[in-house]
Amino acid sequence: MIEQPRMVKICDIWDESPSVKTFFFKFDLHFDPGQFVMVWIPLLDEKPFTISYIRNDLMGVSVLKRGMFTNALHNKKIGDMIGIRGPYGKGFGLQTNPDFCVVGGGIGMASLATVVDRLNDATIIQGARTASEILYQKRFKDMNLCTDDGTTGFKGTTVDLFRKLLTRRRFQKVYACGPEKMLYKVVELCRNHGIECEVSLDRYIKCGFGVCGQCDCSGQRVCVDGPVFNIKELSKMKDFGKVTILKTGARVVY
Amino acid sequence: MKLSVNVCNIRLSNPTILASGILGTTKALLKRVAESGAGAVTIKSVSTEPREGHKNPTVITFDAGMLNAVGYSNPGVVAAAKEFASLQDVGVPVIASVIGTQKEDFVRVVAGLSGSEFSAIEIPLSCPHTPGFGLLAGQGTPQATFDITSAVRKATELPIFVKLSPNIPEICAVAKAAEDAGANAITAVNSMGPGMIINIEAQKPILSFKVGGVTGDALRPIAIRCVYDLYKAVKIPVIGVGGISTGRHAIEMIMAGASAVGIGTGVYYRGIEVFKRVCEEMTLWMEENGFDDVNKIRGVAHD
Amino acid sequence: MKLSVNVCNIRLSNPTILASGILGTTKALLKRVAESGAGAVTIKSVSTEPREGHKNPTVITFDAGMLNAVGYSNPGVVAAAKEFASLQDVGVPVIASVIGTQKEDFVRVVAGLSGSEFSAIEIPLSCPHTPGFGLLAGQGTPQATFDITSAVRKATELPIFVKLSPNIPEICAVAKAAEDAGANAITAVNSMGPGMIINIEAQKPILSFKVGGVTGDALRPIAIRCVYDLYKAVKIPVIGVGGISTGRHAIEMIMAGASAVGIGTGVYYRGIEVFKRVCEEMTLWMEENGFDDVNKIRGVAHD
Amino acid sequence: MIEQPRMVKICDIWDESPSVKTFFFKFDLHFDPGQFVMVWIPLLDEKPFTISYIRNDLMGVSVLKRGMFTNALHNKKIGDMIGIRGPYGKGFGLQTNPDFCVVGGGIGMASLATVVDRLNDATIIQGARTASEILYQKRFKDMNLCTDDGTTGFKGTTVDLFRKLLTRRRFQKVYACGPEKMLYKVVELCRNHGIECEVSLDRYIKCGFGVCGQCDCSGQRVCVDGPVFNIKELSKMKDFGKVTILKTGARVVY
């Protein structure tokens, strides 16, 4: 395979929330839930985004407007071209039997959306800052919602909500994505309850295919060894929940 | 089967070395590469100040190799000295890669890293795609190489590896200048070019810096020739780097005269396990061809 | 779909040109290449006296391209003038490639060929593997390039194409020297390196000359970068050569700034039909991407 | 495929005549009768030779001692290594039905040997300078022999013998290899008698894979378009039987 962006036409754009848009394009490669692509805007930059919709050869990425690049992406119109390379990374390990739960914080829900599509009867926990930021309201029924400001659902964090749920029921497996502090706590809860758990991590990505070393998390490359890791792997990753690495390579404590 | 080699009195259990700029960002990754079978590892090049490097895309591949313009992103010497402490944990010799825009910078970085347990200092004077450094700063001439190497020589007791560009027609003259200034080994080669790849649908170069260094298969014959020439030109050992990803490649490089082989793009072609696999393949080949010691094949391609 | 281009007032029905040294030994082969769709063809380089060239192996391939050290075998100008007579039979413009060890040689060969119907004179000052010629004779410097081009300028009215090496960091300075001396186009690039491939069972370099020029896929990103830089540096047209074997490659080269594309190693990758196939693929791509004229994509990769 | 010599061990050497030896080696690629290999002696040179024996993965080349390279080859011993690359070229077009004849002059018989192996009931004409130079005497029964000096068989050339044979019988197809003057006459005879004919030509070979242009014969590359050509192709090749090209590229008239 050749790691170069292929230009694709944006064939649809959906507003998922005031700050999140989904961009749809045709891309005829196989994707597993949890894998990501590098999105290129020529002459500008190239950044990682999880595939949040997989519909045959139609793919979607849900993008939170955050900084220079995501702003530029939000300004794109239907018919504009963007560059895509991938799929990259190891996705979620899907099992068909278990009673499972997805826990998504903020834009982290984008990674979990295709997991929910694949498995039936997911218990979904989604947390957001405020009601309007809840994603995929029409796409998924019966989500367990929480918001920081209590404008919808439970007032509090996904961790609180997950802990609450655990008091009344058990899961065999949990899939989580969101701020790493949250993930850390979800993993702790799962470990204490003996629940299998996989989380998708976020590190600064450059190459995406495992050579530049930028995305290191305690010797694991998030771009190829991850972004999804299970409890066993995470237990050896000291940086998990504690340290991330900036574009310069400098370590910063969360 | 003896695979161990000595480079400047540094003992390597096998001749494979992780090349600078590939995976060498953290001590944890160095350790992982060591566990995957590398005989030694090199850190990503470190400058005095932190650098963000070029925007993405910084690394892409093509049918014949890889193209990169990372732009020397690194956290600067202070952070690097913290990251690369207690290097004995890594399990194999660790080589520091030190860059600068002028010779004083090299000296400052070497001083800043002096508390760490590095086994050698590598100075790449040969990057083809980072303004202020390497070829773009004129560091690849015999004179500049002599000056920078001399300055570093005064600043450290560690073996110094001077890393050269395959682009320089007078590569042997540059190597001799390094040798004269007290270098203990030559690392040959850095990426070549620069090259450019244009996405024709976007009508634009793909790399954000537009051009980047070419590595991998495309570079191998050029690297082999450089090492072959350098082996005759200088007395100090030569570390062969460029397009090595199989045991056959490594043997070819050593026959050209290399004392050890650096592997970079090979990590892409064959995964981090490339080090172990190259060693296994070398062993098998040597067994089949009646060799019992990798040191006996060094330079045999010469008359 | 318009594929025709003009290079120095020479009309090519399409932008593909047979590069020098590939198949250009006889008029019959030039004709065959023309019939296979080339827009123009270049003869194998001719010197004053006959030359046997290097011993075999002279051309080998590797996973990323080709390595050759043919050593400028040619029958000398007298025989060449006989072979390349009545060139209108070829059906497309024929470019003479003229070499020499000193500028007087170039002039003598140009004079010797003056009776033939060549459309242009190409002077490669850039071979990396033939003692007495090109880089090995110092012909790649701006000064030598100026001197040789000036001498040839006085000897012919035909358009002069100066063919440059990708090895020379100051390629733009060399191109400007050629332009100043009256060159009408730059051909970029010749083979790179040299490189070496060692057969590890034989423990010897494979090419009899040991080293040879690298061409094909390995060269493409370097050639694209050279053409991109030259397009900005000189006003005369640039003929892009190096690793072109598909329509996409040709379009990439033209977007970098090439007025036409030379094809050499592509003949190996895809057969003599490579010219026709490249044109078909270009046409298809342009149709799908809304272009109706190849001249409209020239240089679009520039800001 | 990568065009580089592979080193093989000479596993047997047969004396075919005082000036011809056959070198056997293992080479696990498929060969068609008439195809050739490039034989490399490191640091010396590399030259083309037809495969004259194909026995599963065992190949043989029969080499006439002639000049510097073939002398060096004749000095090789069993166990020595040589480099081989190939197979190269287009071999003979074998048909099973027709009543066919092979006409071999000198070492040209080496190209035809595998044709005889493949087809049953070949009429074989072999010509040599003198009796001791006749090749494959034990390998092939009932050959029609001729020698320049009459020491065995018919006294005269293969062309004379072929012409003589044609007075009493007909062939549907002729395969020929030998000096080009001879081939030219064989082709002429075949054309006059309406016999299909394929001949294997000899030109100076460098690359062997169609790029250097050294082996040109009137716009045909002997190394890839040939070495075997049929009457129709030959009728368009003006140089056939008349002109060959030296290592310098100079044309010489036969």
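Here the chain labels run A, B, C and D in written order, and each chain numbers its own residues starting at 1.
Operating definition for what follows: a contact is a pair of C-beta atoms (placed from the backbone, for glycine too) under 8 Å apart; a residue touches a chain by one contact, two chains touch by 3 or more.
Keep in mind that this is a model prediction, so the values were computed, not measured.
Counting hops only between chains that touch, subunit A reaches subunit D in a minimum of 3. Path length between subunit A and subunit C in the touching-chain graph (shortest route): 2.
Centre-to-centre spacing of subunit C and subunit D amounts to 36 Å, using the average Cα coordinate of each chain. With centres set at the average Cα position, the gap from subunit B to subunit C is 34 Å. Rounded to whole angstrom, the centroid-to-centroid distance between subunit B and subunit D, based on C-alpha atoms, equals 51 Å. Under the contact definition stated at the top, the residues of subunit A that touch 2 or more other chains are 43. Residues of subunit B in contact with two or more other chains: 62-63, 197, 201, 203-204. The touch graph of these protein chains is an open line. Chain pairs that touch one another: A-B, B-C, C-D. Remark: subunit C residues 21-26, 28-29, 31-32, 44, 50-53, 55-63, 66, 68, 70, 73-76, 79, 83, 197, 199, 201-204, 206, 208, 264-265, 267-268, 271-272 touch subunit D in the complex. If you check the complex, the residues on subunit D that touch subunit C are 2-7, 38, 40, 42-47, 81, 83, 206-207, 209-214, 216, 218-219, 221, 239, 245-251. Contacts from subunit B toward subunit C in the complex involve residues 62-65, 67, 135, 167-169, 192-198, 200-201, 203-205, 210-211, 214, 216-222, 224-225, 228, 243, 248, 251-252, 255-256, 285, 289, 297, 300-301.
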